[in-house]
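Encoded as structure tokens, here's the structure I'll be asking about.
Letters A, B, C and D mark the chains as written, and numbering starts fresh at 1 in each.
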């Protein structure tokens, strides 16, 4: 870390900072400019104490980090892109994974008809929420275990792999009994206890970026998963919260390229949450492919206008089939399939 | 809700929306303007189905809510300000509650010396984190149960009530055995399973606003607590995430006045997290008092420069005593004590 | 507009709002729900008085707009996409326009070598700042008229059209004497006097989205240009300000699809400002093409490390040539050239 | 500046950066850690070339600034708080300045009645917009020169000083003939040509913070004014743009304390724009006083519901008088008057 002292700090006050740096386990290397002194603190910033506490000293103006805070997640630690194998479906390789299905599991007919439709259009993984995190306690909270039962039924019939969200540490075990991929939603992106529990399940995990999570913090949340022994992690960009109100969120497509540059993990894009409008989903899928996404997570519903959650961002079967067709030239342009 | 149709929508398409509104359980009341039709959907928006799904129809331009989404939390449902009684310490009444203590519980000496100092300066509630949500898995994660033991010891000695954060549904029971107030942190502001579990404990709950939570969403998170039977809720403004980088967060002091206007719940301000800089804490406390805050949650450490977490935002004992003194005229101006 | 009254507003207070709406020139149409009344105010919201002022009445809870605020800019007013003809170079048609050149014009050699290089790689328009809006008064402010002279020289030699930023109403005339496209920068996105002056020049105008401008506000800024008689407007997405710090701005690629859906104007993307990092520019260009951009505005410098402004986001000649080559398959996938 | 190199950068690539730093006019001081080298570049960052351009080199990971970018504006350059003398009304001293009046000047009766009312309640400066920056070209654009004439009339009758916004370089001269303080609005916060022209007028200038301007950038905009010879600058916090939708902007009251700590200039707060809701203005005024504001800029209208601009945030005469009374104990608590 670099500790910047205020201009014209007297020597005794500089020495006090130098001593404190040494006490906290770093080797201090001061550099004296014309009016300001900076002190480099040499040591491992990741595992050593965070020297930002030194800003509590009046002569310290700022503390600047030098090293990256994530390690296992970083491209430096693992130069090849990780391919996550979800029971035979490979994510992160040449093929872009299509995950599709309803926002919420609502009924057997709704789920099975959707499963058949998305499979026919090319999806290999079925999404569907059994446990739904809803802003209001009065909104539909999901079918819970019944939803999981229906997902298992859809899997048995279609062979699609299953991704579904887990909201509680206590649900990890039974959700993992059905799901092939555990989804951690944006609201739980820094629910570290849930992350650790999911990591321990050994299942593949799709980690959504939090609504106002910096990319560094997202990679550090992934670091919790890897540090707890689970390398099967998919990062998922799903839009960040900004001042814009036309869309529900602002999909940060640059984050796809950044996450792939900084990390070795596959990156999935959720355009449905990312904009909250069915009419933009296809365009965002094309943009995501062009930016290098390794997969797409798309909400599909037989009759969006009557959906029990987020109908406005779900596409119907025909629109989904069209969308998938429209991606082909962009997959080819990206040398993906 | 108000459903706005696109300009020049043909009659058949208007009728289809009217029929759909009726089907979804609302009474449709169309109003025809010169170029655009809007349809009011009369009914209870809170418990009825969310008509935003109608945006899935191509002739629907937008859907506007009319009613407030929160109910038990609202000032309409409960016109008097709630006073939460924390084992004799009343919050929300005439007296502004001072909650103070270290960011993390680090050791017996650190905690007990701080407890004595903050009590001497006028605090009635001791804060201290035993379980710490940390951005990186390599940072100090708190002392856990040992931390709780030390908090209990500090309570026994000083008589201060205890507030401490709970991170996991599984910890609620044993944290509640020590704590007088369960703190739900900003990262868990929409971890609804944790909220429900805390609500069920019957303990008072301090609910921090999420980093990018709109005030409506914050009140809806509180609604989860009240709807699950726990009326002892303290709202806590702790800064929101913006583009500004001088401070760690942007403390939204207007939110204090808004939350007190919209809701009957007491509102606490956390200036330490709110700015992330010890040198601004006293000024923000004065601002919070002037805006009508019912309590302050302040981080205090015997030696902030060596704190194991967030030293830069913790004040030392002398600074805390000065801060408390400086509040007296503002409390008087607010007709509080 | 829709005026939402507070629950349980007495009849006299409802009638007062109805009377006020009529007085302000709208036809009031009240709808009475179980607990709340809403009043539709029928009339032209765009040219009539803004009824948001009614929120000043205590019985009014909120005022919701129904109509779109922009008109000439809107797709409804002009269903075909506008093609702006810049002295023979057509923007908005089948061909995606490549605009490239240095952030600032620094010297004859710098500019001319860049002009030759970008032309060789396929650009048809040369960018280069003669007047530079700089955050600090101590930073390089551009060469001014000498910069314009060099741009004219580059145009004469290469035949490239010229785009350059104008910062002052007083400069419009002489900048327009050299430039084929006047660029309005993000900091001046709501400098309406400058917009009007540029509109009057009759030149094509590239209007950058402001740093925190909602899409609606951006289209309304364009509306100033069209309403002052200039239809030759190019919208330019250049990144918005968010909490993310990895990039300088967050490029909002969804805005490309939205602006093309809502408006008939061509949409250009500036990936250089959009991320502030040379290493992301190529990926963002591919994303922009896939999202439907009609042009790209890319910063190119012979030696970015020594650039007098924003070197970190400028690509060198070789990188630019590679970038252009990499776009070909995505142009083909988009059925553009 | 500190140049951080990537881990394991080979010696030759380190030496290349060292040479480049020297070439650009700084003295390089490398510090070699276990895996990473950082190079301090010693020299005046403010007037020297911005080394961020070095990020264009592949071996450079980041560039960190050490020095503050503003100088004349800084508290270091001028330790006493500046008192701006507006023709006898002193701002920045012990007395908190009350500036009040309508959002827009609409008519003689509207302006004069307001001037009398705000004077009676204690204001010393009359605000009123003659030139209005409006998001839509179809909204009321102000009375222009007629508005200035009315302001002059109000001044002649009441003796109140006048503050009014200037939108165009071409208006500075004639606006300055009437106004005592030139107001630069949030939309023009980085319209540097307008800033320079206003600076040259010699008049006092109130500089509003831009909607998404970091505090550093705001102080740098003020630096433009001081660097062009005008020390009579008032900073004005008026709310920043965030994701919150309950209020029009998020008033950043911490910025008051920060601006007063970092700078010697007086700080004014505009609570009307800051929240966009009349019902919050009084509370925000109290908060602003408690945070140390040197003045308040408040919108007052005889009949807000019929105001031609922003009625929803204007208070009427009775509310203004109440508001002023309610401030007295907070002024006393702050040892201000």
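Just a few scattered comments:
Just so we're on the same page, a residue touches a chain if its C-beta (ideal position, glycine included) is under 8 Å from a C-beta of that chain, and two chains touch if they have at least 3 such contacts.
Computed from a predicted model, the values in this text were never measured in an experiment.
Path length between subunit A and subunit C in the chain contact graph, taken as the least number of steps between touching chains: 1. Compared with subunit D, the chain whose C-alpha mean position is the greatest distance off is A.
Should one ask which of B-D and B-C has more C-beta pairs in contact, the pair is B-D.
Once the centre of each chain is set as its mean CA position, subunit A and subunit B turn out to be 25 Å apart.
Mean C-alpha position of subunit B lies 30 Å from that of subunit D.
A straight line joining the Cα centres of subunit B and subunit C is 38 Å long.
Residue positions 212, 241-243, 245 of subunit C are each in touch with at least two other chains. The touching residues of subunit C, counted against subunit B in their complex, run 2, 4, 7, 29, 31, 33-34, 36, 38, 40, 42-44, 64, 66-67, 76, 212, 241-243, 245. Residue ranges of subunit C in contact with subunit A, taken from their complex: 212, 214-216, 240, 242-247, 250-258, 261, 274-275, 279-280, 283-284, 286-287, 289-292, 329-330, 332-334. On the side of subunit C, the complex with subunit D involves touching residues 20, 23-24, 46-47, 49-50, 52-57, 63, 69-71, 133-139, 167-170, 187-188, 190-194, 211-212, 217, 220, 223-224, 227-228, 241, 277-278, 304-312, 314, 316.
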